[in-house]
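Multiple structures follow.
First subunit A sits with subunit B, and in the next complex the same chain sits with subunit C.
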Partner chain A sequence: MAVERVAAHDRAAFLRRADHRLLRVGALVGLLVLWEALTRVGWIPALFLPSPLGVIRELGEMAASGQLLVHLEASLRRLLLGFAFGAVAGVAVGVVTGFFSRAEAVGQPLIAATFPIPKIALLPLLILWLGLGEPSKVAVIALGVFFPMAINTYAGVREADPLLVRAAVAFGAGRWSVIRKVILPSALPMIFAGLKLGAGTALLLLVAAEMIAADSGIGFLVLHAGNIMDTTKLMVGIVCLSLLGVLSHWLLTRGERLAVPWRHTS
Partner chain B sequence: MLCPARMRVIVDGLSKTYRDRSGQDVVALDGIGLTVEPEEFVAILGPSGCGKSTLLNIVGGLLGATEGEVLFEGARPAGQPLTATVFQEFALFPWRTARGNVEFGLEELGLPAAERRDRATRFIAMTGLEGFEGKYPHQLSGGMRQRVGIARALAVEPAVLLMDEPFSALDAQTRTLMMEELLGIWERTRTSILYVTHNIQEAVYMADRVVVLSRRPGRVLEVVPVELKRPRHEGQMGEPGFVQASERIWGLIKSQAQAALVEERR
Partner chain C sequence: MSPARRVALALPAGLLAIGLFVASAHAASLVKIGALKLTSSAPLFIGVDKGFFKEFGIEPELVFFQAAAPIATALATGQIDVGATGVTAALYNIVLGGEQIWLVADKGREWPGYPLTGIVVQKELYDGGLRSIADLKGKRIGITTLGSTFHYSLGNILEKSGLKLEDVRVVPLQTMPAAIEALKGKQVDAIMLPQPFPGTAEAQGFGKILFWAGDLHPWQTVAVFFSKKFAADRQRAVAFMKGYVKASRYYYDAVLVQKDGRPAPGANYDDVVRITARYTEARPEVIRLGFPFQDRNARLLVMDIERQMKWWTDNGFMKRTIPLKGIVDTSFVEEAAKAVPEK
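This part shows the complex of A and B:
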């Protein structure tokens, strides 16, 4: 047998993941630069793809003239109202069906049966019931937010640690105390996950509703700009929508850190 | 400070039968009789599967008995609960700080905020938690977490303190320190304690009497008195009284523990 002298070496090195911060920023900036370059060279006509700088310039002009603000305000109002109604109703239904077995027996099949319906398909019905005005748009957004909220809250309630519930009861907590002091805080992370899902759905439904029946809002702006082949304006609308999406996600993440401090303090 | 409750706990002919997953009736407890006198420290000891936690849950009002009853007899100042429990897995509310956890039972008792603060402060000091009041459970070590569990239970000033293997989730060194500390606290408060454990040394070191239970069905095999002077200290572990009681108990449960070893997974 040969006598050896071998050093141990780290064979798991390739499993370690670095952050690559520069690469992250670089990818984003690179895409924009490539896009700008392609439009400058003239390979792609501005009608199909306006240049990023052009879109920014247009955005500035529309903001200055107040035109953008009108649409943004209309959209935000619908979004916030629908989101609020849907979230509150969803959390309430989720808690009740998660906690009370009778409510679960009634609610779960109903939710399972209605959840798969694409909510935008209900807009004509909602317009018939509530009219062409704001209520039908708010309602369709609320419906879209309601389902992910109810389902997530229900799951969060069901996942509450039975040991903690028993501990609360051992210290004299009744039904409402248990719900308020154990079930709701346990479900908070799931509720926030639901809010993030709901925010995406709300944005989708907002645009759809505004494209179908509205004369204001970002959705209307995008559709209208498309109809008159003003692609730059169209892109401004899309940029606004993506900013709305990023902003709502950021706000909800911040909100979660504030509301669930025990998960974020080390 | 309120005068402490002086109550005797009488467990009389207690039986518990439950149905397991295969639909068979399992007798967990069979005709258990025992008493805990005011200011007494009683340990319940038995091999795994003797239903000792079940017994504690019934005494704590978290589970119904099939037969027999648990009585609390004696004088109790208004507003003081019969029992408070210290759980094996701590069962602290992760969304509450140490202080928030200690105040939980006081909230459920309906005490005004100022009194809650005062009482919590007192028991935080007693359990050596000063300086950690604002920490969340996940920021605390196992030993500190269980101090919070003990402070939370003592703060409601129960007639009897129920402890369900409170130190079995801790490492050996921490456990020894916590036992000493618990004895110190008990010397000061003189709250009667019903202490469930499977650790003979722990039971003999701390208790006035050790109730030895048999394996399924759980029956009282013998009540072994511990003749050791108080206040107790580690040095007594070599004394004849300690050794005799330990050997007596091991003699009672050895064959049962062996049977449990073979039959553990069913």
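This part shows the complex of A and C:
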């Protein structure tokens, strides 16, 4: 008896999501070309929406004159310092409150009470305490990074598998050893999620801080260019901010792959 | 989000905003005047209040703004017909960016003997012997924004004393109240603000007025601007200017005349104070502190406009200067000044 083979129609085919790489790139390029064309023809006044090529040219000029470097350097210094302070403090507080019940009893209500405060609202207060200079800008970024870090680390520590902890203790590990070798590694994915959250917040707060009484930095550049109606320069600032965001996310994703090789996320 | 994708989101929003600008430009046949609620807008208030514009067939409508820069933007997009505000780097850059705005008449100058903008220093520094502009070297000086009239004024005053802008630390504080708070909180050593802020600082005791900007560097600070469309409507533009010239003379004769360096109030002094107080919503005592100088026939200091553009260009705020005939048009004020009879 001959078996007749029937090609089965995959009824779930519409659920398959193809990558469409070409379409993705094409959409971006097409939009930029359309935008450039619209400004060239003069349908959109260049003053209100500078052309992409104009922005690239301005970016090149500002990079060549060293002007852009000054602003980038100032912003990066504030970001890195604020990020480092906030992250270290956040991880420390998260581990301590996650591990010691007394610290949790003291720390958790405090964090829950202060976390919802929008950090931008604290900026005027920080300026009063620390002055108009660098410390107040770094402090507000550190505060913005601290909370997602502390909360995520705490959650990561709490979620550490009790079985693994007990196994480590059974093999003779001390308290410090358990934290270092079991709890911290298992909290790492949560810590990195916190870092990524913090990076976005840090960028937001950087711009806010630099818009008050700064004379350098990307946030200052954007505000200043807007003040003097130099829209091309303004767009250069926005592009730089966007690149900073993309770069920090990429770096953190890379770092995560190195630090948590057993778990590949995104 | 990738940078290009952010741009992709911004584009439709931008197009929509421009569409709204254009749509609102056709709204009225009356003349929309954009101004700030400051003493320096007094001639416009007089023109509206005394009916001088109506006399020449113009129906004026005052539109109030919070800052100078949006007035220039509103003019460029045709949302308002006439603007009256500080001559800033933003205004020049709009014209440089291809959107035509015309500088047509005087509306206030820093001028010797007429307090407008004051340099106010901390009381302790003044008591400690700070007396001259040269003493400001290395100090933190608060202004509203870089590229503002205050920035220009400060730069020129420093240069006259042999200093440069880089010799002081200019702190942009965005708003006038923020600047006065920064002086009070000792976050800056000095500020540069228009009346009534300097008077208030001295009255409350934390500041001391070191100089008035006009005594050190007179210049064309505030001006009247026409939008491209309004300037092309020659008949209405001249009619508006006639009303403005009449109001300017009324203003000048009432509050600006001086005898032997002392103010000699004219017959209508109290009338001008009353009108200005009403439109600025300030107390009459504050208004009486001083009125900014302007030409009796509202003629611009044309040569100063060229000097300003050169300074902004030298200091990196403008890419290049604009030829005077591409931004200044004095024909309206000249025609109006001849046509309006002296009483």
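As a working rule, the second predicted complex is superposed on the first by the 255 of 266 C-alpha atoms of A that agree within 3 Å, B and C clash if a C-alpha of one lies under 4 Å from a C-alpha of the other, contacts with A are read in each partner's own complex, and residues count from 1 in each chain.
Following the convention adopted for this analysis, a contact is a pair of C-beta atoms (placed from the backbone, for glycine too) under 8 Å apart; a residue touches a chain by one contact, two chains touch by 3 or more.
This structure is a prediction, so every number in the text was calculated from the model and none was measured.
Trainee: Label the relationship between subunit B and subunit C on subunit A in the superposed model as either fit or clash.
Mentor: These partners fit in the superposed model.
Trainee: How wide is the angle at the Cα centre of subunit A, looking out to the Cα centres of subunit B and subunit C, in steps of 10 degrees?
Mentor: 160
Trainee: Which one hits more subunit A residues, subunit B or subunit C?
Mentor: In the superposed model, C touches more residues of subunit A.
Trainee: Regarding the shared-chain residue A:Gly54, is it in contact with subunit B (first), subunit C (second), both, or neither?
Mentor: In the superposition, A:Gly54 touches no partner, neither subunit B nor subunit C.
Trainee: On the A-aligned overlay, A:Pro135 touches which partner chain: subunit B = first, subunit C = second, or both, or neither?
Mentor: In the superposed model, A:Pro135 contacts neither subunit B nor subunit C.
Trainee: Have a look at where A:Pro189 lands relative to subunit B and subunit C in the superposition and call it first, second, both or neither.
Mentor: Once the two structures are laid over each other on A, A:Pro189 reaches no partner at all.
Trainee: A:Val169 in the overlay: touching subunit B, subunit C, both, or neither? Say first, second, both or neither.
Mentor: A:Val169: touches subunit B, not subunit C.
Trainee: By the touch definition at the top of the document, which applies to A:Gly200: first (subunit B), second (subunit C), both, or neither?
Mentor: Touch status of A:Gly200: no partner.
Trainee: Tell me which partner A:Ile127 touches in the superposition: subunit B (first), subunit C (second), both or neither.
Mentor: In the superposition, A:Ile127 touches subunit C alone.
Trainee: Please work out how little space separates the C-alpha atoms of subunit B and subunit C at their nearest point after superposition, in whole Å.
Mentor: Value for subunit B versus subunit C, nearest C-alpha atoms: 31 Å.
Trainee: Mind listing the subunit B positions that touch subunit A in their complex?
Mentor: So the residues of subunit B in touch with subunit A come to 60-62, 81, 83-85, 87, 89, 91, 93-96, 104-105, 107-109, 136-139, 152, 156.
Trainee: Spell out the residues on subunit A that touch subunit B in their complex, using ranges where they run on.
Mentor: Touching subunit B from subunit A are residues 163-164, 166-173, 177, 181-182, 185, 188, 260-262, 265-266.
Trainee: Any idea which subunit C residues touch subunit A in the complex?
Mentor: Within the complex, subunit C touches subunit A at residues 1-8, 11, 14-15, 17-18, 69, 72-73, 76, 88-91, 93-94, 97-99, 140, 145-148, 169-174, 182, 185, 187-188, 317.
Trainee: Which residues of subunit A touch subunit C once you look at their complex with the stated criterion?
Mentor: Of all residues in subunit A, those touching subunit C are 27-28, 31-32, 35, 44-49, 52, 127-128, 131-132, 211-215, 224, 227-231, 238-239, 242-243, 245-246.
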